[in-house]
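One chain, chain A, links the two complexes that follow: it is found with chain B in the first and with chain C in the second.
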Partner chain A sequence: MNYLLFAPEFTLTAVAFAVLGVDLFLPRDKKGYLPALSVVGLIGVFVLSLRYLWGRDTDLYDGLFLIDNFSLFFKAFFLVLGVMVVLSSVDYVKKHLSRPGEYYGILIFSILAMMLMAASGELLTAYISLELLSFSLYVLVSYGRHGLKPSEAGVKYILLGAFASALLLYGISQVYGMLGTTRFDEIHAALLLEGTPLNPAVLVGLVLIIAGLGFKVAVVPFHMWAPDVYEGAPTPVTAYLAVGSKAAAFALILRLFSQAFMPAFDDWQIILVILAALTMTVGNLVAMAQQNIKRMLAYSSIGQVGYLLMGVAALSPLASNGVILHLVGYGGTNLLAFMCVIVFYNATNKEEIADFAGLADRSPFVAMAMSAALLSLAGLPFFAGFTTKFYLFTAAADGGLLWLVGLAITNSLISLYYYMMVMKQMYMVPADDNTPLNVSMFSCGVLGMLLAGVIIIGVYPGPLVNAIQAATKAILP
Partner chain B sequence: MDTFDSYVLMALVAIPFVWGVLLAFLPRERLQHIRLTSAAVALVVLGLTAYVFLAYDSSLGGYQLIREFQWLDSLGVTLSLGVDGISVPMVLLTGVVMFTGVLISWNIEYRAKEFFVLFFLLVAGVFGVFVSLDLFFFFFFYEMAVMPMYLLIGVWGSSSDFGSFLRPKEYGAMKLMLYLVAGSVLVWVALIAVFVEGGMGTFSLLALEDVTFSENFQRIFFPLFMIGFGVLAGLWPFHSWSPDGHVAAPTSVSMLHAGVLMKLGAYGIIRIGIDLLPQGAEDWMPVLIILGAVNVIYGAVSAMGQRDLKYVVGYSSVSHMGYVFMGFATLNSIGMSGAVLQMFSHGIMTALMFALVGVIYSRTHVRDIGVLEGLTKRIGLTAAFFVVAGLTSLGLPGLSGFVAELMVFIGVFRDYPVLGMLGIIGAAITAVYILRLLAKVFFGPLDPRWEHVTDATRLEGFSMAILVAFLLVVGLYPRPWMDMINSGVAPILQRVAGL
Partner chain C sequence: MSLSLVVFYLLGAVCLGGAVGVVVSRNVVHSALLLLVSLMGVAGLYLLLLAEFLALVQVLIYGGAITIIVLFVIMLTRVQEFRAMKDNPQWPLAVVAALAMFVLLAAAMIKGAPSETTRQSVSFEELGSSLFTQWAVPFEVASLVLLVALIGAIVIAREGGEE
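Our next item is the complex of A and B:
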């Protein structure tokens, strides 16, 4: 076995321990080196992954881990995401959190977990990776120092997360009990052999797996935890939760449904269609009523999950491209939106939508970046959101779900309304306190990078889509 | 010249866009520089549109100045640009209205830089729609043209306050935005359906023109285009955003919006709706022509009852767009050509009217017809231009509106004599409210309150004179416009006739 193929994971583990270890010896005023070390480590692993894994198609540990373009693509995506989250945390952690060492260390562990999720080729490996991710997030979510909200968020997330894990495990045991295997390719073969109609016991297992994963990505009706957790968690963690853990779960879902459960497509498609319709509608409708910007973004991200789920329900190479593309585009956009919230919170300690009044006067750049993020989330052109949504919706319609696409587009209209309300605050309502916002050059730089990313995906998606096509080819040849 | 030809359409989109982005990084204090450079850029773009107009060879017809750029193969999207006899006049219209709009915006002081940034992004989107031959990019630019409207109206607009009738500008902005995006929801669904049903894995308009869609498909999806684009074009009963939005918008944005953006909707109906789904068009035309006739009458009657000068112009736009729908619905050469000419003529005319109302409002800070009286004595030039615009609006021979509306009436009378009568009644009502307005606001005794009012500045006079010149030229010598428009309409009619 070629352990070199696992080098990125091993190295990343070493980086995480290095961050935790170095923290012990750094004096309090030198903690600023920790994010720098994390970023260097993540970029190093990024280079290492591309250097050693490019174009490989093999597996490790007898099929537990798959080394293919799909896992490579997501590795690269998660590492870039990790870098951006670390960068957007720097000012926030300095101002609002204690113990930066553990914060960055655990963050890196969770990135490791996401990389493993995208690469796992077997149900239990996927489960263990998912648990590593969840446990890291449980800690990060309750990291806030003050008040009840962080604790409430943490407890809620642990309890419901554990419940979801139990559902998932039960589903896995059901599938194993009926089909006698947990490896994706063997499940595929066993299902083909069984033929239709699907054994009800397997179907129950499948439904439980969907429910378990549905909890993790906040699919309606399993979404109740999300708004409270998003609101209570430190904002960079919220951003990470909204983008990272969702992307990882969707990577797993894509691989699971295409490589393992594809033969039962007709059985699970209808479930996903219903869940998608519910999720996008409820998420967007409830988002309209929110006063807190983080809760609004939480519900809006539930809406986005609905769109992604629609793509999975129309699973085809084109739809898989669409889902991954939208994950990346939505991810970048959401990071940008949350980065604006972070910057704003760092300067004012406020996060209600009404507090954004007059932001266009107080800091035109942040207001512009926030508007770009909101318009992109609403799916307006030249931002990432338009191109990725267009791709995803076209792919879903191509898979025969035109009516659902119609619902999704209608939901986009609803979402535009509540994004506009934020823009109205920023541009049309005068501020009580007109002092310019104090934004560090560093934060402006991070905002600028994210903004550039959102625009590049929007107007020049060609290279990204080529990479995504290569990734899709690995799971749906 | 070949390389120039192959990039000129790209430049039309790119120059305003790049300028809009660049402007965002310039220091806001240099206001005069921002205005001068913006006007220079606008002049260059106007020159390019004039070049496109002159370079288009009407005797050849078809799509010309075609240029394709690879963009996204896996989805069948290419950035393919080209113009035909319908889009060229629209391109010229956009150029003219944009240039005069920049000049009219000279006196904007509040956040002027941001205003021009959004203004140029809007213009880039409008040009993009008129020159795109790919459905993806058509929609891309279509949405891009709608996007800046919210801020342009909400930040720089003005509210209407008549005591019991209060319409804050934020209301107009939000209403306009939601209506237009609701319309584009329908368009988006229909575009995706066309992509899937076409079965060629491409969004290219030229490729999809060769596909014959099944009759059922056409019947179901044509109304989506008709209503979706119709919302932007002010189709009754989806028009109510238009007066509210236009009234709330700042002058140059009203000019661009009523003058050009509403034409995007009409352009979408003919370019995508009728061109791709001719059978559906034929089935639905009786509905469209009735809605168009309602537009004409309803808009005119509503305009009659308004006290706010800008609402009069707003409802008159709704009324005049009705002729465009009626002309389309005839599906014969003279009616459709008349409709396209009406798009051009009305674009220039309504831009002129909004510019004039802007001039009056900036001097008197009042738009109430009941209060404005006898202004001619103080603002003779403005009054003269208003008379020309008004006479165009009511269809006086010798001005562009007459040619266009006459052709539409002839086309309509062939198949629908009753509706044709309604159209003419609409023109008569227009004459009533326009003449009454002219008499009240401009003629009669001068109200002492307006003693100090000054006439249009030279710059304003110059920009409005450009618009007046177009009304006269098209009215007196419509031939080049008609040749061009006929060459664009003919292939579409062939597709309708070839069923």
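Our next item is the complex of A and C:
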């Protein structure tokens, strides 16, 4: 067995331990080296992965761990995401959180978990990786300083997360009990052998797996935890929750449904269609009523999950491309939006939508970046959101879900309304206090990078689309 | 009815009875002890399925370690505050949901009953070698999960104290 193929995971684990270890010896005023070390480590693993793994199609441990372009693409995506989250955490952690060593260390463990999720070719490996991700996130969510809201967020997230894990595990045991295997390719073969109609016991297992994963990505009706957790968690963690954990779960969902449960397509498609319709509608309608910017972004990300789920429901190579592209585009956009919230919160300690009044005067750059993020989330041209939504919606329509695409477009219009309300606050409403916003050069740089990313994906998605097509080919030839 | 089926129903009753007791009991200490009963029932089920290693681990870890820790936690926190545990007003809903889930699962299992197979015991050596070769990834990841949980517990618990 070629253990070199495992090098990115080993190295990343070493980086996480290095961050935890170095933290012990650093004096308090030198803790700034920790994020630098994390970023260097993440970029190193990124280069290593791309150099060694591109184009390989093999597996380790008898199919437990898959090395293909799909897992490599998500590895690279998660590493870049990790770098951005670390960068956006720097100022926030310095100002609002104690114990940075454990913060960055656990953050890197969670990135490792996401990489494992995208690469696992077997249900138990996927489950334990998901659990590593969940545990890391439980800790990160509870990181906030004292107060009712952080504690509520932490406790709620841990309890509901454990409940979701139990559902998922029950589903896995049901599938294993009926089909006698947990490997994706063998499940595929066993389902083909059984033929239609699907054994109800397997179907129950499948439904439980969908429910368990649905909890993790906040699909309506399993979304109740999301707004409270998003509001109470430290904002960089909220951004990470909204982008990272969702991307990882969708990577797993894409692989699971295409490589394992594809023969039962007719049985699960209808479930996903209903969930998608519910999710996008409820998410966007409730978002309109929110006063807190983090809650609003939480509901809007629930809406985005609805679109992604629609793509999975129309599963085909085209739809898979659309889902992955939207994950990347929406991820970058959401990070940009949350970065603006972080910058604003660092300067003012406020996060209500009403507080954004007059931001255009107080800091034109942040207001512009926030507007770009909101317009991209709504799906307007020149921004990432338009391109990715266009791909995703076309693919879903191509898969025969025309009415659902209609609903998705209606929802996008609804979302435009509440995004516009935030922009109205920033540009039309005068501020109570007109002091310029104190934004560090470093934060401006991070904002600029994210903004550039969102615009580049919007106007020149070609190379990204090529990479995504290569990734999809690995799971849906 | 074969003997193993009788034993199965007995053990099932022990598990279920213990679990119901955990939820219904008003005294936290009683709940913790009833949890032990339920977990021992599960260990018995493992034995019935010829999974000796699992049964052993279940007794050692759940029966020994976990229950003891729960009891310690109860003793070290102020029990007076927990004595009069109130029911969540949503409990009837929870009962309905649990029953509906049970009916659904039972119906699915009866309709799609798996074919009968004879179960063979897996030797300790076999289990150990497959755990460290083919299943090495999940096994190692589990150790990372424990590590993160450990660090996380310290971070969260120390949040209140001084730096």
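The rule we apply is simple: the second predicted complex is superposed on the first by the 477 of 477 C-alpha atoms of A that agree within 3 Å, B and C clash if a C-alpha of one lies under 4 Å from a C-alpha of the other, contacts with A are read in each partner's own complex, and residues count from 1 in each chain.
The criterion applied here is as follows: a contact is a pair of C-beta atoms (placed from the backbone, for glycine too) under 8 Å apart; a residue touches a chain by one contact, two chains touch by 3 or more.
From a predicted model like this one, the values you see are computed outputs, not experimental measurements.
Using the contact criterion defined above for the overlaid structures, shared-chain residue A:A201 touches chain C, although it does not reach chain B. Legend: residue contacts after superposition of the two complexes on their common chain; A:F382 is shown touching chain B, with no touch to chain C.
Once chain A of one complex is fitted onto chain A of the other, the partner contacts of A:Y143 are limited to chain C, with no touch recorded for chain B. Contacts of A:I456 after superposition: neither chain B nor chain C is touched. When the two structures are aligned on the shared chain, A:L402 is found in touch with chain B, with no touch to chain C. Comparing the two complexes, no residue of chain A contacts chain B in one case and chain C in the other.
Those residues of chain B that touch chain A in the shared complex are 24, 70-75, 114, 136, 139-141, 143-144, 147, 150-151, 154-155, 170, 174, 177-178, 181-182, 185, 188-189, 192-193, 195-196. Every residue of chain C that touches chain A in the complex is listed here, in rising order: 104-105, 107-109, 111-114, 133-138, 141-142, 144-145, 147-149, 151-152, 155-156, 158-160, 163.
Residues 318, 321, 364, 368, 375, 380-382, 386, 390-391, 393-394, 397-398, 402, 405-406, 409-410, 412-413, 416-417, 420, 423-424, 427-428, 461-462, 465, 469 of chain A touch chain B in their complex. Of all residues in chain A, only 13, 20, 60-62, 64-65, 98-99, 102, 105-106, 109, 112-113, 116, 120, 124-125, 128-129, 131-132, 135-136, 138-139, 142-143, 145-146, 154, 177-178, 199-204 touch chain C in the complex they form.
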